[in-house]
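Okay, so chain A shows up in both of these, paired with chain B first and chain C after.
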Partner chain A sequence: MPLNEFQKDFKGIMLRPLSQVDEAASQFKDNFVNDHIPVNERLKIYHNNVLGSLSKNILTTYPLLEALVGENFLKTLAREFVMENPPQSACLHYYGEEFDIFLKKHASTQSMPYLSDVATLEWALHKAYHAADDSPMSTDDFSAIEPDSLADTTLTLRGSLSLIASPYPLQAIRDMCLKKTEDAPDMTIDHNTRIMVWRQKLEVNILPLEDDEFMMLSEIKKDKSLGEAVENTLNAYPDFDFAAFLKKNIIFETFSKAHSNN
Partner chain B sequence: MADLIDKTSQLIPLDPPVFDNPVGLGLRAPHYEEILETKPDIGWFEVHPENYFGGGIHRHYLGKIREHYPLSLHAVGLSLGADQPVDTEHLRQFKELIDIFEPFIVSDHVSWSASGNAHLNDLLPLPYNRETLERLRRNIEQTQEYFGRQIIVENPSTYIAFKDNEMSEFEFMNLLAKITGCGILLDVNNIYVQSHNHGLDPYEYIDGVNKNAIFEIHLAGHTEKTIGDHSLLIDTHNKEVKDDVWDLYAYTIKQLDKPLTLIEWDQDFPPLETLLSEASRARKILDLEQEERHAAE
Partner chain C sequence: MNKKTLNTLLVGAVAATALGASAAQAGPAEGNEKCYGVVKAGMNGCGAADGSHGCAGMATEDASGVEWVSVPKGLCEKLAHGSTTPVTAEDHGEEH
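So, the complex of A and B:
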């Protein structure tokens, strides 16, 4: 059997449910030595290694989900996710970003619609932990921007930064999962959660945001110039205070660089 | 295979560095802080480069530990045996780490993990035949050219055997080293596992593998899985090295000159003390061998 054909077929077996491995193994009966231990049992070792290690990687990335739904249920979901979405890179800390979308669509999680947003939060935490180092803009960096060109300046958010909007109380859910509180949050009302996740040196932070701050940061993320971003934010939130916003975000080291469009 | 070109004569021989302590440890996240605080007596550390791609907190710790110890980068994701070229983005990120951390050696496995765009995160088996040899030759040469240095490749643990193998695994490893100039990372536990799983003699493997190509030795724990009246050994890296594997190691090093030896442990992490105890055991075996050699002189 040519190498390419063998590897494609083998990959196909690895990404099937365990119940189908016995039948699939028969296609290899002429290729592998079949001795006192049958080929299907030998293939199951690989099958377990592949699906086991990849689904374990998902569980490691999503510990809050595991606390919410239990190890066995999450493992079942993770295995299904892996079979449908195997990694596209050998670097596994890039793997699993779409798990929130998978959960949103999955039939078995429809009674827990908050799971998908919890997964989004967990991916943001994971991404912040592994993000490349980038230097934050300092007060001096901002002072160096000419006042006349400030409106035309575009800011870049730190590579580790994510903005998350959700109707669910994500921080309260997290606190409950981490056993910081035993109070189960009310999931039936809209909590209008707006949070920012990012890393400062070795610390991954979560910060609740006001609606206007969230919108301003979202506009910056869309590469809008500061002038346009402020104008759009003020249109939606007339009390938005840009000076206070800027001061706060310099302290929190939210921006990595400024680009003048002049 | 007489037509195969011998590359070893065209390349600078791969000479392992001499460290005061030839025994190293696989470096894993749960031990970062303790290693930095206690600076244990260990010769060097080895990491999977894929865990440090991009940057982030892991890379910060690796940088701190690298200030105190030599480093080896042992990859699991080049997929050298895949019937496709090595992923250039993977090579780029790997090279970035090589340039930053200046490892004394770079390695991966004689196996495959990628097919098309899917990466299966396991060291999957290969038939030992001419076609596989040619594919590995191309991918190892692509890697060596990209890195501008020779690499070493590790013998895998396997759980199935191919009917169309044209040679034994050690003969295959020897040929691979010969035609690419790469070195061999001899995993003694894998040889033991392999031999049990396929009814082979591990000592014959040790006798047959080309000692001049060996740059480093790996030791790790394995797990036995019972199937009917028989069993397979699984290379789980989650236990102490088994006594039979220590015996095979002691036999192996008699044919080598104080080889660099690594203790691997990749899941169910024990306290650092346990790993240091395993490393100490390896060092004692190496020291004993040296004493016996001196006594015999």
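So, the complex of A and C:
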């Protein structure tokens, strides 16, 4: 059996439910030692290690979810997630991004629709912690842009930055999970949560945003030119104050570089 | 909005930012420092001082002298076993 076929079959066994390992093990009889420890028992050790370590990785990435639903339930969900979405990279820091999508679709979490958005927040925090260091744009960097080309300039947001919109009170949920407060937030009303998560030096921050700021940053994230982004935001929010927005975002070190399109 | 009005708005905003910036940038330069010897396993910042791993969250024992966590400046020296420089095994004096 060629190595790549063997690896593919092996991976297939690792990612199936435990109950199916015995049956699948028979095809490995010739490739594995099969003595006083039968081949199916040997494969179950690998199976347990692969699913155990990868799902543990999910649990450490999503501590708020664990606080919300408990370790056992989350572990079961994580194992299922691992079987459906094995890692694509050897670096496990990048593993688990789609967990929010998985939770949104999963039958057993439909009574807790906020879980998916909490997962989105946790991934944003995780991403911010591990993002590469990029340096923020200063006032001088902005002053250095040719005034005539400002409208055509596109800005790049910091690599650690995520924008999250959700109807659920994500920060209140987080505070509750971290036991900063005993009060359970009201989940029945639309909280219109608009937040940005990013890292300044070694500190990961969560900042609530106004609707117009959120839109402006979203436009920038979509690589719209400054002129177009401001115009679109003003069309939706006529009171949008770009000067205040710019000042605030320089202080919060939101932008990493400007690209002139002239 | 015509292009000229838009440009005036953008240029004005950048100019206004330059005026107000000095006050905003005058705050404390560095608010945090690395603190070794106090972090829980799995909660460490990126990279062990002895090079045994390069990733955040990979410390396998509590309060290792080569694992760090970012804390506000000045806090580290108030913590038991806290050190702003890596602590090697020999420095510990006793086994935990």
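What to note about this one:
We adopt the following convention: the second predicted complex is superposed on the first by the 261 of 262 C-alpha atoms of A that agree within 3 Å, B and C clash if a C-alpha of one lies under 4 Å from a C-alpha of the other, contacts with A are read in each partner's own complex, and residues count from 1 in each chain.
One rule holds for everything that comes next: contacts are C-beta pairs under 8 Å (C-beta built on N, C-alpha and C of every residue); 3 or more make two chains touch, one makes a residue touch a chain.
Quick caveat, the model's predicted, so the values are computed rather than measured.
If you put the two complexes together on chain A, you find that chain B and chain C bump into each other. In the superposition on chain A, contact of A:155 is made with neither chain B nor chain C. Contacts of A:78 after superposition: neither chain B nor chain C is touched. Of the two partners chain B and chain C, more residues of chain A are touched by B.
Looking at the shared chain after the overlay, A:115 reaches neither chain B nor chain C. Once chain A of one complex is fitted onto chain A of the other, the partner contacts of A:247 are limited to chain C, with no touch recorded for chain B.
Of the two partner chains placed by superposition, only chain B is touched by A:31; chain C is not. Within the superposed three-chain model, A:130 lies in touch with chain B and with chain C [touch as defined at top].
Within the superposed three-chain model, A:2 lies in touch with chain B and out of touch with chain C [touch as defined at top]. Judged by the touch definition given at the top, the superposed model places A:217 against neither chain B nor chain C. In the superposed model, A:170 makes contact with neither chain B nor chain C.
Residue overlap on chain A between its contacts with chain B in one complex and with chain C in the other: 93, 129-130, 202.
Of all residues in chain A, those touching chain C in their complex are 60, 93, 129-130, 138-140, 142-143, 145, 147-148, 150-151, 201-203, 226-227, 230-231, 234, 242-243, 245-247, 250-251.
Listing the residues of chain C that touch chain A in their complex gives 1, 3, 6-7, 9-18, 20-21, 24-25, 30-32, 42, 45-46, 55-57, 70.
Within the complex formed with chain B, the residues of chain A that make contact are 1-4, 6-8, 10-11, 14-15, 30-33, 35-37, 39, 41-43, 45-46, 49-50, 53-54, 57, 86-94, 129-133, 199, 202. Those residues of chain B that touch chain A in the complex are listed here as 50-51, 53-60, 76-79, 82-84, 87, 89-90, 93, 112-122, 124-127, 131-132, 135, 159-164, 198-199, 225, 227-230, 232, 234.
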